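The following pair of complexes shares a single chain, chain A, combined with chain B in the former and chain C in the latter.
Showing the complex of A and B:
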């Protein structure tokens, strides 16, 4: 599979803090990449940086190469041409992302006009097709509805329809189902998987839910305190984690075989973005930490096929995983 | 089994909002039926989980049980006494023995009071320990929920979300309740912090013999914590049973759909293409303003028959005492 987007050493600085530090990952064509992490891990900021959607006080470093060009260095006029047309984005709360005073139809038609120059009857016909595509019944009539007339799940479908108007090659999805009920979340995830295949797009799915990653993603990057701790295909990362943080995260999730038994939680709390530990940012909470872990930031190193870890104790973590199996 | 806290046929409606047309025509305000005949029993020392999606009435039920809201009909009894008739000192005693913890650890603690003052308030109101011993009791409570002793002098904003939820738990436990009503108390927490709170609840239950009514939408957490599970849908309990039975042998089609929809921690094997499956349930959650006739689940139910849209299904209890309300069960 060819690499569609290649992010190298992405850093985000806001004042004295570096909430995202030296983040590198690739997105291959047709794949769904999960970026998983707890609150404050920098997963959403990293996603927004790709389309230059960060607040003005933030500055970025590193590169994000897309079709031979660096997204982070593009002039405003150039990134606008990429945004929405080649790379589209959907958000957690569709009610705030949709314009409350415009009908859903108007918002889709607007997107078709800006990105593809479609207007009038042609645009309206395409808008109906798009609503159909995302599974909104009675699409023709629903075009005249306002966002508040839609339920949460329908709004998320409408937002996906707007994002897909220009048939982007990459969809950035920032916690798209977090605000939804379980059965509606399941519908939206099934929809994203179907559209990814039908439209041959790639998706970056940012989530805090490991179950969603297991159920939808091909590869995953695990973030903690602004850095990627481990990345690789979903199966090995879940079954044979090679980073102490990934192992801690997996063990924090209740598992049916151990109901009502104590969970192996991670002690302490994540570091303050203004005062990050000097070495591995997880070291102060890590049961595996040794002196070397606090010396310098460990690099993300290859440890297997397409599998990277920044854990200096990866071998010991692996031994613990094998012994537990 | 005799429950310590028993709800019998609870009903509660709220007036909904009228649209502009409704205002002009002066039509009656629509009714949201939040509880529509809910009966449940919580036994001493057990965890009963209440599971359901938005609008199922799970939070209304929790609030009704601690009398934060009144029910329109039905009975609530605590150790055989009628909770709805309690007033004055009796109500205060009930409030001491049945405590509630809320979802939002930011909104439920007074930001101007120190943690020590927050924990002492209940001791004082319920006259639990002499004034001279209150500080020592606060220290005990903090160590019970594994917070440092110096936490007593600090304000809530100095703590993380997980720590605040511990403070809320310590406050609820300060007056030695028999029953905890926990409304989505780990939903806003990250998974590593959530694990700490779940461990704490398990530990406290085994040490203090607490009965816990645990309201949650997270099936993974519920399976971990609950002895018994009740599934609610649009104001009704559709299934109740032992946790293992409900999770392994669900009897109601809604329970089956809910279990199928919940993300599992099982990634596909390497080299095996992901099998794309259709969603577990089609359709939207109906508005609680317009609950479907018959079985409220029938418009979304993949197994619905003609009878389901007309007749409310009766309670069916099997040999494991697993209750479900579905016409397909006979």
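Showing the complex of A and C:
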């Protein structure tokens, strides 16, 4: 599989803080990459930085190579052509991300007009197809509805239809199901998976839900305090974590084997973005931490096929995992 | 849940709630309708020509022949009041249309751009609202010379600021909403986001204020007419009619009272309709 988007050493600075620090990852064509992390780990910021959607006081470093061009260095007029057409994005809040005074149909047609130059009957026909594609029944009649006449799940579907209008090659999904009911979450994720295959696009799915990543993604990058802790194919990363933080996350997910026992948790709280620890950012909360962990930021190193970890104690973590199994 | 299952739920959309008019809104609409009819067909409604002199019947009190009485030239006050509706509604529209459109456009751009443009605008507003509106308009008319056209120019030069200030605040609020960000993510241009998405969402307070402003414009227009700076005699205009009658106030009260009542009723009509609109907008 060819690499579609290659992010290298992405850093975001806002004032004195660096909420995202030296983040690197690749997105291959046709794959779904999950980025998991706690609130404030910099996952949404990283996503927004790709389309230059950060607030003006933020500055970015590093590169994000897309079709031979660096997204982060593009001129405003050029990045605008990428937005929506080549890389589309959907949000957490389908309730408010649609314009309340325009019908769903008009909003889809507008996207078709702006990106593909489709108008009139052709655009309307395509809009019906798109609504059909995202599983909205009676699509033709639904075009005339306003967003407030749609339920939350249907609005997210409509958002996806609008985002897909220009047939983007990459879809950035920023916690697309967080605001929805569990059953609707499942439907939307099934829809995203289906569309990814049908339209041969790639998806970056940002979420804090490990279960969603395990169920839908091909590869995963685990973020903590602005850095990537571990990345690799979903199965090995979750089955045999090679980072103390990933291990801590896996242990804090409730499961049937440990029913009625106190849930394990990671002590402490994430560091303040303005006062990051000098070495590994997880070291102050880490049960494995040694003196070397606090010395210098550990690099992301290969520890298996397509599997990287930035944990200096990866071997010890691995041993604990094997013993527990 | 499988993909085939997800499409099986069909929820019938609720029928859109009918716009219900409260009795007061309806009353306001009827009042304005009556004035619009007067303005559209004054020659059919008015019993006499507005400028027909009748020296045999000057300063006659209200009677069946002249319901509102006659003035010092024997002109029928009822007919003149009806004909005046044409000029006063014209004032209501022309004094507000240009400021509303121009002020809205300016306010949109200022609210969306923000930054130093916005700071400069806020200073301009601060200065402009310290000067009483009527005094400012009178000063401009005094420079340009009296007459309706100059009055329109004077009012437009000042009044747009209020609209711009209103829409600026609305755009500032709408700009922070997610659909504005979504438009940016979609790669929409700034003007498309501003005029196609933000403006329609920010328009309702403008519509409501516009109604109120039309009532204010009639008051302003008749004030200037009374002072001799607006419509010029012998044009029938409520302010002019009141001004004509001011020298006969003790002997022929009907010359000023009836046009005055017309102003009150027209103003009430606009206010009631504006209130109804405001309620309608707030309910959404």
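Miscellaneous remarks
Note that in this section the second predicted complex is superposed on the first by the 325 of 325 C-alpha atoms of A that agree within 3 Å, B and C clash if a C-alpha of one lies under 4 Å from a C-alpha of the other, contacts with A are read in each partner's own complex, and residues count from 1 in each chain.
Everything that follows uses one rule, which is that contacts are C-beta pairs under 8 Å (C-beta built on N, C-alpha and C of every residue); 3 or more make two chains touch, one makes a residue touch a chain.
Fair warning: this is a prediction, and the values are worked out from it, not measured in the lab.
With both structures placed on the common chain, the touch criterion links A:186 to chain B and to chain C. Contacts of A:248 after superposition: chain B is touched, whereas chain C is not reached. In the superposition on chain A, A:238 makes contact with chain B only, not with chain C. By the document's definition of touching, both partners, chain B and chain C, reach A:194.
Legend: residue contacts after superposition of the two complexes on their common chain; A:102 is shown touching chain C, with no touch to chain B. More residues of chain A lie in touch with B than with the remaining chain of the pair chain B and chain C.
Shared-chain residue A:53: touches chain C; no touch with chain B.
When both complexes are overlaid on chain A, the residue A:82 reaches chain C alone and has no touch with chain B. Applying the stated contact rule after C-alpha superposition, one finds that A:149 touches chain C and leaves chain B untouched. When the two complexes are laid over each other on chain A, chain A has residues 151, 183, 186-187, 190-191, 194 in contact with both chain B and chain C. Against chain A, in their complex, chain C makes its touches with residues 1-3, 6-11, 13-14, 177-179, 181-189, 192, 196-197, 200-201. Against chain A, the residues of chain B that register as touching in their complex are 53-54, 160, 162-163, 190-196, 198-199, 202-203, 217, 219-221, 223-225, 243, 247, 257-258, 260-270, 274, 276-282, 284-285. Interface of chain A with chain B (complex): residues 38-39, 151, 153-154, 181-187, 189-191, 193-194, 197, 208-215, 218, 233-236, 238-239, 248-256, 258-267, 269.
By the touch criterion given at the top, residues 51, 53, 80-85, 88-89, 91, 93, 96-102, 110-111, 114-115, 135-138, 142, 145, 149, 151, 159, 162-163, 183, 186-187, 190-191, 194 of chain A touch chain C in their complex.
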